[in-house]
Amino acid sequence: MMTNVPHDPQARSLFDEMARWPIYDPHSHIDPHRPAARNFDEVLGYHYYTELAHSAGMPAELVDPSLPPRTRAENLAEFLKYIDNTIQYSWLLEIAQTFHGFAEDRITPKNIGSLYDRAEHAGDGESWDRTVWEKSHLEAVFLTNDFDDPLKGWDTKKYVPCLRTDDLVLKLHEPSTVARLRKATGVDVQDFATLHQAIGTLFERFLSKGVRACAISLPPDFVPLPAAPKRAEAPVRRALHQMDLRPDEHAEIRTIVFWTLAEYCADYRLPFDLMIGPIRNVYPAGVAGGRDLFDRRVSLYDYRALFNHFAGVTFPISTLSPDAGAELVAYSWIFPNVVPLGHWWYSNIPPYIAADLRARLQAVPKNKLVGYYSDAYKLEFVLPKFNMFRKILAETLAEDAIRGRGWSEERALELARLVLLDNPRRLFGRSDSESASVI
Amino acid sequence: MMTNVPHDPQARSLFDEMARWPIYDPHSHIDPHRPAARNFDEVLGYHYYTELAHSAGMPAELVDPSLPPRTRAENLAEFLKYIDNTIQYSWLLEIAQTFHGFAEDRITPKNIGSLYDRAEHAGDGESWDRTVWEKSHLEAVFLTNDFDDPLKGWDTKKYVPCLRTDDLVLKLHEPSTVARLRKATGVDVQDFATLHQAIGTLFERFLSKGVRACAISLPPDFVPLPAAPKRAEAPVRRALHQMDLRPDEHAEIRTIVFWTLAEYCADYRLPFDLMIGPIRNVYPAGVAGGRDLFDRRVSLYDYRALFNHFAGVTFPISTLSPDAGAELVAYSWIFPNVVPLGHWWYSNIPPYIAADLRARLQAVPKNKLVGYYSDAYKLEFVLPKFNMFRKILAETLAEDAIRGRGWSEERALELARLVLLDNPRRLFGRSDSESASVI
Amino acid sequence: MMTNVPHDPQARSLFDEMARWPIYDPHSHIDPHRPAARNFDEVLGYHYYTELAHSAGMPAELVDPSLPPRTRAENLAEFLKYIDNTIQYSWLLEIAQTFHGFAEDRITPKNIGSLYDRAEHAGDGESWDRTVWEKSHLEAVFLTNDFDDPLKGWDTKKYVPCLRTDDLVLKLHEPSTVARLRKATGVDVQDFATLHQAIGTLFERFLSKGVRACAISLPPDFVPLPAAPKRAEAPVRRALHQMDLRPDEHAEIRTIVFWTLAEYCADYRLPFDLMIGPIRNVYPAGVAGGRDLFDRRVSLYDYRALFNHFAGVTFPISTLSPDAGAELVAYSWIFPNVVPLGHWWYSNIPPYIAADLRARLQAVPKNKLVGYYSDAYKLEFVLPKFNMFRKILAETLAEDAIRGRGWSEERALELARLVLLDNPRRLFGRSDSESASVI
């Protein structure tokens, strides 16, 4: 029973074709050592369910990590009735139906037990990972790797490394960051010169492991200004030695480290994913993963120096505030190195996706459109999230391109294939002999 | 002749069912002593008509309060031809058709006279109020009561008191505010301690009369910071004695009074409606009620301290700038105590309502959705405004839920009923033994 | 083969009628001495194609002005395959099909040569201009005239002068501005008094040539404050003599010159087109015309003093950032002298147009709606751009007015005619005996 398919016959036809294609997923939080969920608590533990249930009235204690997994799942199931209107709930149902043979149309306190039993795969280990991978027809899933991730023990062609750099830029002053950096690189980081050297070592290690992107999430008030190494020297040294920092020194450190990362991306021809907008811990009493929000007063104009200076670096960009989507269309239409990347988090809701997608499809060169990524923590979510996007893409193309502009179905599918597969493969498909440029 | 019904048969079927339900209206400006319009000038006097006609070229003098009501109506009728495209005009027509047997499809200088005659109910008094109440199938209509409203002389189960607090927060320094406060409470307000006591007295009096919400409208630059009573003492005293205030002192006063109100809402478990955005008197030469606008650069991020500190207070929130709607979706999805409340004023236009509603229905827990309120000044407006919303709700559910996700009509109506009736009844249905929490 | 027509039969019927009407185009960059394109390079040279192709990967050198026109066209054709999804490409195709008998559905490196040959009209001169004018059924096209334009040599009833004032406000300190001003007016501009006199002379000269609007584009951080002539005197003198200026002096100069222009618009009853938002040269390495962007953090609230003070001046307003469109609806609904003007540049994309248009049609008095302008540099673009708008207008009226509110087709067409023809004719149709007011 699959209900998340287009109702319109023309869109349905496009969707059915797309549903046969492999999935290339350029951003996720999958753990390559444990990609699929071993039980249904790992599915329900996705922050969307715990935070929506908490928002609906569930005390956070009911999903406390210390509880047995089955208890957490049963507790959460009591509150699913309040969120069964949400699109996130529809992913849950599609997972239960697709991967666990669930035949009902709502998950309730009554049926959670049998569903939990059906979804129990602790004993199957990698075989279950393979089942989900194949059933989802996955081709590649990008990871989010800490800079000190050993990057060992999995097939990096399937689970593609991505160097996540938030800690280096935003938390350099924390003791654990420096300690991890020294350990990961073997460089005795003491000042900007050795910090620079250590970051280079990180890039080289990641490159040797097949990294395809550098990534960072940035708060709305971050402004990437050109580096001023001389000026940054003292603050960087103070940060590395955990001395007190003034706000302007914090800003100086973020600026120089971020700029240094962009320089390495230029040197090593690596796309630099910018995920713009989140403010961490706005709601400290929230559940894990459900505490971050944003300030909608943000503009890509603040990024002009970066885009201009690093003309050779491709910047795939996601914006968090839904109302910032139109600005990203304009910047992607003008800057060759700015690429709109998927639909992120608070913007990953069908009406926002549809509005952004319609505009991108009509105003951004088609070879720059990177349709979607799952942002998933468990492999099971990749398929329903991509299906949600493929449905909207099919409906948009049926309405705007086929009915609206007289395109053939074939031409519409060509564009869909570019957006879903060819562009992300090419854009992130760097090798030493190949440019990371968008064409 | 009813034209404001959905064209799509599936949506029409949903709408027809909703149209049989009672209306629960959690925010209006109805005068409970004179709820229905006694004549058609009181209908046409709604600021939407005078301001739109004025914007279309009508001199403000033509609707001056000193003119005879019939003359004002005749004058305004000359300009209705310029605004018969607007959704506000459609409410007017629906009122004329539903309540006054008007059979034409436009109100013109030619037929305004006979319509005025038909709508004359000065002699019918309360009987006409009852007629409109019953014809509209009203269950409850919330008021907007000044803090010194005697709250006497009407059935507070039908016309529900709501404590409006703009004057206390924004105009404490004006002599009339303090005078009214002293008179209403019997407290000799001279400093912060006595101010605090007086506000407590107000809450107790309103509670004894069945108040169901505290409410305030706040300008876009207001930032609710935690109270600092010590620091506020001097400015508050200066304000209460009409001494000159520096801007930072004004800010201090607003902050402490607002925070104090939130504390009382917490103590007395009263929802605190926040209506965020308006700037008063941006266009001083406008008609009465048609002078306020907004600055779209506003963010709920400024409200984080409030939402965190008062976890036990429910904040139903309306935003004025249409482009701020998506941020409210995100904050309602995360904060248990943030609830999206209706569609307000400049955002109360079908395309904005539809965009906001689609997102809320797919991303906010369904037990937190408070669909709509009329904001009406005269009872006749409640029905057409709710019908406008019910039409959009029906169309959205038909498209996104029934066709889009395979829901049954029954399930779609369940959600509609929650949004229109069950949620506002429960959320605002406090009693001494019952929590104001959202579930 | 015309594919950009509505698919819905009701909308098609409206569109077909609108397509028979003349076009009144209140803003363009047409050169009246050379209005139509003499060859296809002049069509492909429109910044949309060069900037989108450049964004898609085309080196800017391939369309360098020093290259032979045919080479530039051939070079660009290599990259059109990357932008054939865009709405801008659809205008290109419609031009090729409508004016040059192009029968294929894509412009490729293979067929660009023959298309170039077909579009060669260097030898036809004004006869080709007339052909395009008549085939497009044009009635009037507004120009963008530099303040020192001699305004000679064309029929100003067809190509209507519009005084563009960016240089005076934003570049007064540049030597060439003062020199041009002195030359154009014969006034020995040395201080604010003589500057004021010279601007008056400009207005009189433009008025004698049938000017119908004053216009300016303003950056998002511009705030029009009331003039303070005394305070501005020193900075203006320093600017006129190219002395160094502090940022606050620059601001003072912009303020006083802008306010002075508004005063002359009031005196001479000329609408003042405000095009709000662009920041020049954000991407300096871009192609000509493709370097400007915006900061979305902009608000019309900054314009309140202007709108209030100049109640007698009509301000047709375009906003650049698509997300600012809803604020313009609100300001147009309240201020009699604020008029929403068309859909501009980065906002001129069907989904943004549709969203803005739906709201304007339902919330702004219909006598204030100025539907569209081409912003074109060559005459061939007026028709496809207006057709794009007429299609969206037809679809919106079919859905929201005819199906949504039960209007007759006749009534919908009445509104379309007002929006497309009657309003711009009346609003910009000033003569010495006629007011520029909106009704």
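Order as written gives the chain letters A, B and C; numbering starts at 1 within each chain.
Definition applied: a contact is a pair of C-beta atoms (placed from the backbone, for glycine too) under 8 Å apart; a residue touches a chain by one contact, two chains touch by 3 or more.
Bear in mind the structure is a predicted one, so any value in this text is a computation, not a measurement.
One copy, subunit A, sits rotated relative to the other, subunit C; on C-alpha atoms the angle is 120 degrees to the nearest 5. At the interface between subunit B and subunit C, two copies of one sequence, fewer than half of the residue numbers in use are shared by both copies.
Separating the centre of subunit B from that of subunit C, both taken as means of CA atoms, is a distance of 39 Å. Multi-chain contact residues of subunit B (touching two or more other chains): 297, 323, 355. Of all the residues in subunit B, the ones that touch subunit A in their complex are 297, 299-301, 304, 307-308, 311, 323-324, 326-327, 329-336, 355, 358-359, 361-368, 400-401, 403-406, 415, 437-439. Subunit B makes touch with subunit C in their complex at residues 3-4, 7, 51-57, 82-88, 90, 279, 282-286, 290-291, 293-297, 321-323, 346, 349-352, 355.
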